[in-house]
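In structure tokens below, several structures.
One chain, chain A, links the two complexes that follow: it is found with chain B in the first and with chain C in the second.
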Partner chain A sequence: MTRLLSIEDLAVATGSGRPLVRGVSLTLRAGRILALLGESGCGKSLSLLGALDALPPGLRRMGGVVALDGRPCAGRELRGGIVATVLQNPREAFNPLLTLRAHARETLEVRKAEADARLASALAEVGLDDPAVPGLLPGEMSGGMLQRAMIALALIREAPFLIADEPTTDLDPVARARLMDLLAGLRARRGLGMLLVTHDLGVAARLADEVAVMQGGRIVETAPTARLFAAPAHRHTRDLLAAHAMLCADDRPPAKTATVGAVA
Partner chain B sequence: MTLLQAGMALRPPPGLRLASVSALLLAGLMLFGPWLAPYDPTEVALDLKLMGPSLAHPLGTDHLGRDVLSRLMAGAQVSLGAVAAILALVLTLGVGIGSLAGMAGGRTDAAIMRVCDAFLTIPTFILALFFVGVLGTGPANVVTAVVLSHWAWYARMARALVAGLKRQDYVLAARVAGTGRLMTVVRHILPAVLAQMAILASLDIGHMMLHVSGLSFLGLGVTPPDPEWGVMINDARAVLWTQPVLVLWPGLMIMLTVMTFNRLGDGLRDALDPALQAGGKAP
Partner chain C sequence: MTLLALEGVGKSYRPGHPVLRGLDLAVRDGEWLGLLGQSGCGKSTLARIALGLERPDTGAVLYRGRPLAGLRGAEARQARRDLQLVFQSAAVSLNPRLTAGASIAEPLRNFEPLDRRGRAARVAELLEMVGLRPEDAGKLPGQFSGGQLQRICIARALAPTPRLIVMDEAVSSLDLVGQARLLDLLAGLRRSLGTACLFITHEIRLARRFCDRVAVMDGGRIVEEGPAAGIESMARHPAARALFDAVLPPLPPGMAAR
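On to the complex of A and B.
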């Protein structure tokens, strides 16, 4: 069963018609990881929210087709069951008044006992197997825990595709490495098709099979990872790589803040 | 559950504990006052009029010889009951209409808000007087009038809260996780709105109480001989110089209610403020 999620010619604009994202086409395949690279504000997050018909108030999707195995789908059919989404900024992505368990029950809409069991197994898979975790409020968890909890929540509906928006941005280098291991493991075990939205070149290089580079609301280059890093075709890709190389030249581990600063 | 946690973490200061006790007493009076009263509050006994405090009549009698304590206790039902009804209606109307405007946005929002603005431009008491004038007197009409003159304040507040909350990342997270629109509103938006509205309402109870009593004092609400605190003050006005305590008792009850709920509102605000919860972020 080859599952194929394709986004064709997606466009997003403000209410007054100013285009923010144009002509974005991406293809996700089961078991493959696609990285969407680009600097902050270039429209990466809007592209994926647009594909899921979950744009913030005031923005409109201006066209484009999202198809699952060739069949066009509305965002409503995809959200949750087909495409699981991990939002950036895990601190804000949980209702501060609800425990993790309550979040899981809401997402699953099955009997409570079953929801709790599935949450427990998903939490174990992301390495949060302390039995106290499901009863915690978001304010009682660290950023890294929240990030992993959010991935666990995304996993419990067993969607074949996972979109992760900036999954490593707020993490320290150790947590970042652990998260990359987790994502690689998920792909291997579950055969998930993933879209990693990131401005972290290290994440793209380590995990992705293919990389799409975005600039100013458009995809400027799509290439297999090795080729993109060895022989970048587009000027913007070369600039991104050069900025990254410059930062890593002084033999330090690529610190999170430095990478963000250079690309943003 | 969060309310309970916050309550336990808070260790209510003595003032708040006192206010809780007094709120319970007032609620008890509202529910059971007429049956607890030692005398029939409307029974006229002219030979006993304007008596000072005695063992038989601890608070004395009024200008028609009616027992003041009984009238205070029975009056609680109307005075406090009206406020409870007003609160329930104002919250339903205000939160309902405000949330609709906040969720819809665009033209619906603008249209609803302009109607609210129209209501907000006129001082509430004048507006309430106007509605009583149109609807006629009587307790039910007073309640309606106060509701109509207050809902817009609540609608505006609810709308602002909803408009902010719907942009929260966790609302987006619920959406991309496949939660339906209605469920998202019910689970992630309304609870936060209601918490804030409860605070506003508890601070407003005193204000509404004064409205009801004020309208009754003007002879527009509860009509004599039925007991109500505003009516009692009005009745006692005639004998203000000879028996000033007759104004004092209902006045004290109104003051007690206002102070109680103001204190409770402050306490509720402190308890529900998400900033006080472990690491939580204010919505």
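On to the complex of A and C.
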């Protein structure tokens, strides 16, 4: 059983050599959730795509080693069987003309009956146990359902690691809470190692064992979640925590209260 | 005084499947009202009806106490000017072939008796108001980031000096820090302009921080309404409770809140 997936000193650059991601090192462990935290455009998604050799055209991986239990391997060996990926916008990740069942058959390349059985059990695990679901087209499902369906498809390959890129961003709070419960359950039941890309410190607080903070294409701090919240070392982490605390504060800031009074 | 009121508004797109059922909601002058609810509960339908872009099947929308649908001539024109909307996706609500300046000037052309030079000056002023530079007027949408595009949309909505801006998930595509920054900017504009806002969101943390009052929608009705501060503890309706209980924790488990 694979226990450790490590990314060491990864770099990504444009075709003309302009660096976008530099010196990124991340370690995923079985049964642990690592949150990769940062603002839009800081290089979170590019780091993942770089590690999996799935960069968009025009970008190049400039170095770095990805290793499974210490054995270096290429990104294409990892995709699907070792590392399952769940993307931010599930609607774009599905073929709109294929049912969920057809997606599963294509993914597994085994006998149809076996693919259908494995899909049914994965769908039950993500809470989509209605027998009509495998026959649905992506357009017939809500965003929350699609996100669960994508996780089910990720599970049927029985990959030991799951990378989820902003999986909760487009969901309403109730759907988001259900999805996070689901991820926590998968970690507990299957011992999945997860990398959870997010810009929301609340998501990290709810689920992560460890947090890596990214800024301007570099990891600026990595720490166990509780320590990161209690004693952030890097200035950028402190800024993110301050913005988070401001949003989470129950009492309203004095400036705002004054405004309300003035308007009323 | 009440700026905009929806009274007993009902709407269905398919017979037997009402989206709104006898909904009542009022926004006061200068007030920021947060409208919360799960995906698919009818928030966007409410927004379109509130602005007169769609007619309700039953009930009425009142603008300053008078039916919006019954306004004619100069009054209808004034209402169109006073009520502005910012959509969720900035990228698709800007014409990719128009410069930022041309997009922002569009409502000015419709509503302000300005000459070319006057419009350019007002566009520059609006760009600065939303934290962009006057030189940005000459750029095309493709040259801006998502957050900057959303600022351009807000500048365009502010151009005719509206009394109410409806933000339909207008900042949801930005990261949380970006959303808070943009809303901070709007809160500043509110202080100087006194513009009211119907802030439609599913991000309770933002509604709590930036709104005076919060209303929760479920099954085509408002099921909970109250001051933004303390709404979570007061909520009784199961749909409202489900929303508030789903708010992410501020701190990891085991760490006490400060």
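As a working rule, the second predicted complex is superposed on the first by the 247 of 264 C-alpha atoms of A that agree within 3 Å, B and C clash if a C-alpha of one lies under 4 Å from a C-alpha of the other, contacts with A are read in each partner's own complex, and residues count from 1 in each chain.
Operating definition for what follows: a contact is a pair of C-beta atoms (placed from the backbone, for glycine too) under 8 Å apart; a residue touches a chain by one contact, two chains touch by 3 or more.
Here the structure is a predicted model, which means the values were calculated and not measured.
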Which superposed partner A:Thr222 touches (first chain B, second chain C, both, neither): neither
Partner chain(s) touched by A:Thr107 [first = chain B, second = chain C, both, neither]: first
Chain B versus chain C as contact partner of A:Leu97, first or second or both or neither: first
First (chain B), second (chain C), both or neither touched by A:Arg176: second
First, second, both or neither for A:Thr85, with chain B first and chain C second: first
First (chain B), second (chain C), both or neither touched by A:Leu137: first
Chain B or chain C, by number of chain A residues touched: C
Shared contact residues on chain A - chain B and chain C: none
Interfacial residue positions of chain A with respect to chain B in the complex: 49, 52, 54, 56-58, 79-81, 83-85, 87, 89, 91-98, 106-107, 137-140, 150, 153-154, 157
Touching residues on chain B, where the partner in the complex is chain A: 2, 105, 166-170, 172-179, 183, 187-188, 191-192, 274, 277-281, 283
Complex contacts: residues of chain A adjacent to chain C: 39-41, 142-144, 170-177, 199-206, 208, 225-226, 229-230, 240, 243-253, 256, 259-260, 262-264
Residues of chain C defined as touching chain A within the complex: 30-31, 37-40, 145-147, 172, 174-178, 180, 187, 190-191, 194, 202-206, 208-210, 212, 228-229, 242-243, 245-255
